[in-house]
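The following pair of complexes shares a single chain, subunit A, combined with subunit B in the former and subunit C in the latter.
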Partner chain A sequence: MTTDAIATPVFSKPVALRRISDRSGLNSAAGHLLMVLLSIFCLFPVYWMLVSSFRPANTMFETSLWPTQPSLDNYTRAIDAIPIARMLINTLVFSAVSTVLQLLTGILAAFAFARWKFPGDRLIYTGVALTWLVPFQVVMIPNYLLVAHMGLLDSVLALILPNIAAALAIMLLAQAMRGFPREVIEAARMDGANNWRILWEVLVPNLRGTIASLAILIFISTWNEYFWPLLLSRTAENSVIQIGIQMFMTAEGNQWGPLMAASTLASLPVLVIYVVLQRQVVQSFMKSGIR
Partner chain B sequence: MTDLQISGVKKTYDGKPVLHGIDATIPDGHFVVIVGPSGCGKSTLLRMIAGLEDISAGTIAIGGTVMNDIEPADRGCAMVFQNYALYPHMTVRQNIAYPLRIAKLPKAEQDRRVLEAAKILNLTDYLDRRPAQLSGGQRQRVAMGRAIVREPDVFLFDEPLSNLDALLRVQMRIEIKRLHKRLNATSIFVTHDQVEAMTLADTLIVMNGGRVEQIGPPSDVYRKPASVFVAGFMGAPAMNLLPATVGQDGDVMLDLSGKHVAVAQSALPQGKRVIVGIRPENVVLSAKSGAGLPATVDLVEELGGSRVAYCNFANCEVAVVLPAGEDDIEGSTVWINLPTAALHLYDQLTGLRIETPAAPKLSSLTRDAKVVS
Partner chain C sequence: MAIASAAQTRLRRKSEQRLSPWLYLAPALITLVLWIYWPLVDAVRLSFYQWNMLPTSPQTFVGWENYTRIFALPKFWQALRNTGIYIVGLLPLAVLIPLAIAIYTHDLPEHSRNIYRAIIFVPMIIAPVVAAAVWRWLLDPGYGLANQMIKGMGLDPVKFLSDPNVAIWTVIVITGWKLMGFSTLILSAANANINPSLIEAARMDGSSKWQIIRDIRLPLLSSTVLFLVVMTILLGAQWSFTYINVLTGGGPLGATTNIYYLLWDFGFSTMSVGWGSASAVILFLGFGAIAFVLFRLIDRYSFHDN
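Take a look at the complex of A and B:
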């Protein structure tokens, strides 16, 4: 065998195939480049918030990508100006309790809608679905009057009450339960399981993906709630972090440094949840999307 | 005694009847197979026995107790579903033990029963796996294990083998038969596969269009199908069914494109329209000229141990089972002989079997076929 023969690949790619391969490589590179640009576009505001929180007041508006004289002054000022720890705890309680309660009521209601037939079930389900379309502004005043009559103004409990049940949770879970194999539920019935057991021992463990994605959705949306806490809050101690951030925006001007520091602190729990549960979050969203 | 009595059972969905009054008695320890085409109501009947469907009319009694209003778990039935219906989040051990856990049996008893079932079904090595980590056959065995541990009075099988490949299906069929012999519990097995039905059943219930067509041992159902439907449904290849008319002196004449060939004699009135049936394995095919009715071999299916020849005569197709052989007969002319003793007669109007008088005039009718123009 000659050297030339060895050098020539026996199964070289046909020219047409190589062109297709090159083209798909280019497409892939272009796609990746686009995704990198979009990622920068999405992440830049978060990065800018973080960087600005470390800039002293006199360098707040400089355009460099990182702080030239980094300091923790903004954090000190923010912590001194508002009870950030207390507000973060309030927000955490508000978000966590709302999430748990919405999931609980959602699971129970969804099971009834998905598995039981009762007079008016479709009508009631339609009614629940319609409440999803009603904007918050419509129910804001009645809700406010209700909690005011109950003497719950300026309390975390009042923040939680209207968030105990949500149409989105019921609808999403009912859909997931309807899609669950009927035979498995029937097998559980044959095995002697009652509805309670079927729900908690068969359905819920198998809907973890949907429940996890829903929990994240509820938690983040409750964490970012601004208007309802703004209506109810009277004191900083009973308020949530979003209201605290707003306190740095005054008629005299915005205090950008402490505002960015408080915003960073407010974003941290959500970021931590996302970073820790990144894989589960993506998987659960993909799974629930496929369903 | 856990005999099962089905009396006048009807099922309607939104006023539309699905089962038209089913009556059957299943003795204790029998293996009964309900067979029929898709949509005939066999699974609905099984689900009504299980308690998963309401009974619109009639009663179902197990061991003398009417079960109409009793919860599925309290009927003493265990069911094996078509797609296994295992709990995906539980291990094999947890799946099998689940009914025992609900029944609050002591842990030691649960473990004993699970291990015993696992040994019977060769599942001991897989007890800590989840269903997703098992093959189809293993999953089916787990489903059976979950049924066994309950020690039920009645086993219900809803097409449990239809999701398995052909080889596994045969293996599982044998396993189910062995299991039944070992446990000797009353079993009801629903299938549309006639081979499963014939091989497994002590008693066959053939259903069609929400009605029972025939009940009896498989050999009886095969040898004496009670209706044209049963005759055509049971057996592969299916029974040959040929239109005929009763002529003078009760002669049964095949209607062959204007010609009439007498194939049997009956006591039926002249002019009555009937259907003549004959199993493919009973048709005698000869290459000898004049030995029966002339036909052309359209197609030959090779089955290894035997062959099926599809012959055409006078626009009628007749399937003939032949022994294995190398000779190429496709396209050739052959002579078909329909032995009288193997013929079945059915009323064309009702589709019901007509019992012919015991002594036909002609011993091998087509050999001396009387052709009347």
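Take a look at the complex of A and C:
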């Protein structure tokens, strides 16, 4: 849908035509200043989380930019308080399985839209696209009741179920497949390949860029999901790390040190992916909009 | 013989073709129907009942009563007003400031731009719960860095999250923090995509910098800006859900409760399925109407240079 509007290369290379004008010196200094301020605003809270997580309890409230007596104290306290390893594994299973399933159902459905004209195809496509606009809060009560009815409350499986398919994956993949050169598909058909083989041996390998960027996007957003796990969670053992973090913030008071340690641990996998695949992560988020 | 078998294959092909798309679509469609469309219908049904979510207790049909009572509820109107404040408050952070930054920094060298890009995108990938935790720590009235600095300047500490007049703005700024870098990147990308020969031509004609921005850049950026505005209006209040839930619980005195949080509150804190569903239906219809109008606007007013 309208997400096309932003499917443009990030900061695409300025064309050679552009000249650096003479008076740009002062302007660009101001531009740098602006960007540095924005960068500090964006990064400082994350930095403060890291620094605070290494401050032992007795120096928790100091304001130095670097922990004066760095220690792993908060991490051991956090691990003692909640089953962090178990929760991280749950989160990993939840995100990885959701990613694989969403890609799988997305690839299949997108192929149906791209390959055939069939009665009602436009209607169904619109129906798929519209689900993107249904706020989760609107369907949460029936979803919750459905899970309860299945007897799956408080399980990682129930977390995955509504994530088996998503409009975004279907739409982005359908778009990519429609753009795929018809001649190549026809050539494969001449060679006697059936639809199934065309999909998996011609289309999918050639669309691996799109698929990979979609995978990054789905994985990160599932990893960060909070609302659905919040509805279903009963015990820490069967929950995800985002719920674990919340356990350190209670009405009675906050355990700042372990809270920052748990937050760091929860962010680490995503931050590592980001550091390694920075360009691809930014691209995949920009291609597919905000949700 | 050969002709007959060819006809047969064609026939088989045809019926296969009729069935195939549905087989490929089935897994996705079943999921979407089961978890989105059927629940929508069920929400409408439940909105006419009174029920406390316990399987053992009866569902009583109450007609339109849930709706009339919601509309009579001051809490509902407060949440609706707050939803408006969230949207209006987010627009400068998610659209206006990023737009200004994107235009102002368009001639920074490629190398440093890449570094800034990498940094300002970080909030986008941080989990909302983590963001909430970190901001809660930064803004703690006793020991948070922000208030330590405020106290250091000899001022009274600010109760960022427990003062009814301040809390909603705090949540808005945190939501904006998450989006600002991302919007800036989107607008910068759109800005960098503007054909430089247009700018060059205007410069040759003696247009001033401001004229170039007003007459070339802004019109060409309008579709991206409109897209971000629409996203902010449609999703803005929704993005803040986690922060409200973790940081204020909708309070103090309902000051940070928006319509999404109210739904959650009705459904799961008060265990009143009927109220929750009725407000879900109201929200969905309102949301759908706004989305419809906005997407029509986008269609009409988007503007392309090629």
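Just so it is clear, the second predicted complex is superposed on the first by the 233 of 291 C-alpha atoms of A that agree within 3 Å, B and C clash if a C-alpha of one lies under 4 Å from a C-alpha of the other, contacts with A are read in each partner's own complex, and residues count from 1 in each chain.
We take it that a contact is a pair of C-beta atoms (placed from the backbone, for glycine too) under 8 Å apart; a residue touches a chain by one contact, two chains touch by 3 or more.
A quick note: this is a predicted structure, and the numbers were derived from the prediction, not measured.
Peer 1: After the superposition on A, what does A:206 contact: first (subunit B), second (subunit C), both or neither?
Peer 2: first
Peer 1: Figure out whether A:186 sits in contact with subunit B (first) or subunit C (second), or with both, or with neither.
Peer 2: In the superposition, A:186 contacts subunit B only.
Peer 1: Comparing subunit B against subunit C, which has contacts with more of the residues in subunit A?
Peer 2: C
Peer 1: Is A:93 contacted by the first partner subunit B, the second partner subunit C, both or neither?
Peer 2: neither
Peer 1: Can A:197 be said to touch subunit B (first), subunit C (second), both, or neither?
Peer 2: First partner only.
Peer 1: Answer with first, second, both or neither: which of subunit B and subunit C does A:108 touch in the superposed model?
Peer 2: Once the two structures are laid over each other on A, A:108 reaches subunit C alone.
Peer 1: Where on subunit A do the contacts from subunit B and from subunit C line up?
Peer 2: none
Peer 1: Where on subunit B is subunit A touching in the complex?
Peer 2: 50, 52, 71-73, 77-79, 81-83, 85-89, 98-99, 102-103, 143, 146, 150
Peer 1: Touching subunit C in the complex: which residues of subunit A?
Peer 2: 2, 5-6, 8-15, 17-18, 20-21, 24, 27-28, 30-32, 34-36, 38-39, 41-43, 45-46, 48-49, 52, 60-61, 63, 104-106, 108-109, 111-113, 115-116, 118, 121, 124, 127-128, 131, 133-135, 137-143, 145-146, 148, 161-162, 164-165, 167, 170, 195, 220, 223-224, 226-227, 230-231, 242, 245-246, 248-249, 254, 256, 259-260, 263, 266-267, 270-271, 274, 278, 281-282, 285-286, 289-291
Peer 1: With touch defined as at the start, can you tell me which subunit A residues reach subunit B in the complex?
Peer 2: On the subunit A side, the touching residues are 181, 183-184, 186-193, 197, 202, 205-206.
Peer 1: Under the touch definition given earlier, write down the residues of subunit C that touch subunit A in their complex.
Peer 2: 17-18, 20-22, 24-25, 27-29, 31-32, 34-40, 42-43, 46, 53, 55, 101, 104-105, 107-110, 112-114, 116-131, 133-138, 140, 143, 145, 148-149, 177, 179-182, 184-186, 188-190, 192-193, 195-197, 199-200, 223-224, 227, 230-231, 234-235, 238, 241-242, 245-246, 260, 263-264, 267-268, 273, 276-277, 280-281, 283-284, 287-288, 291, 295, 298, 302
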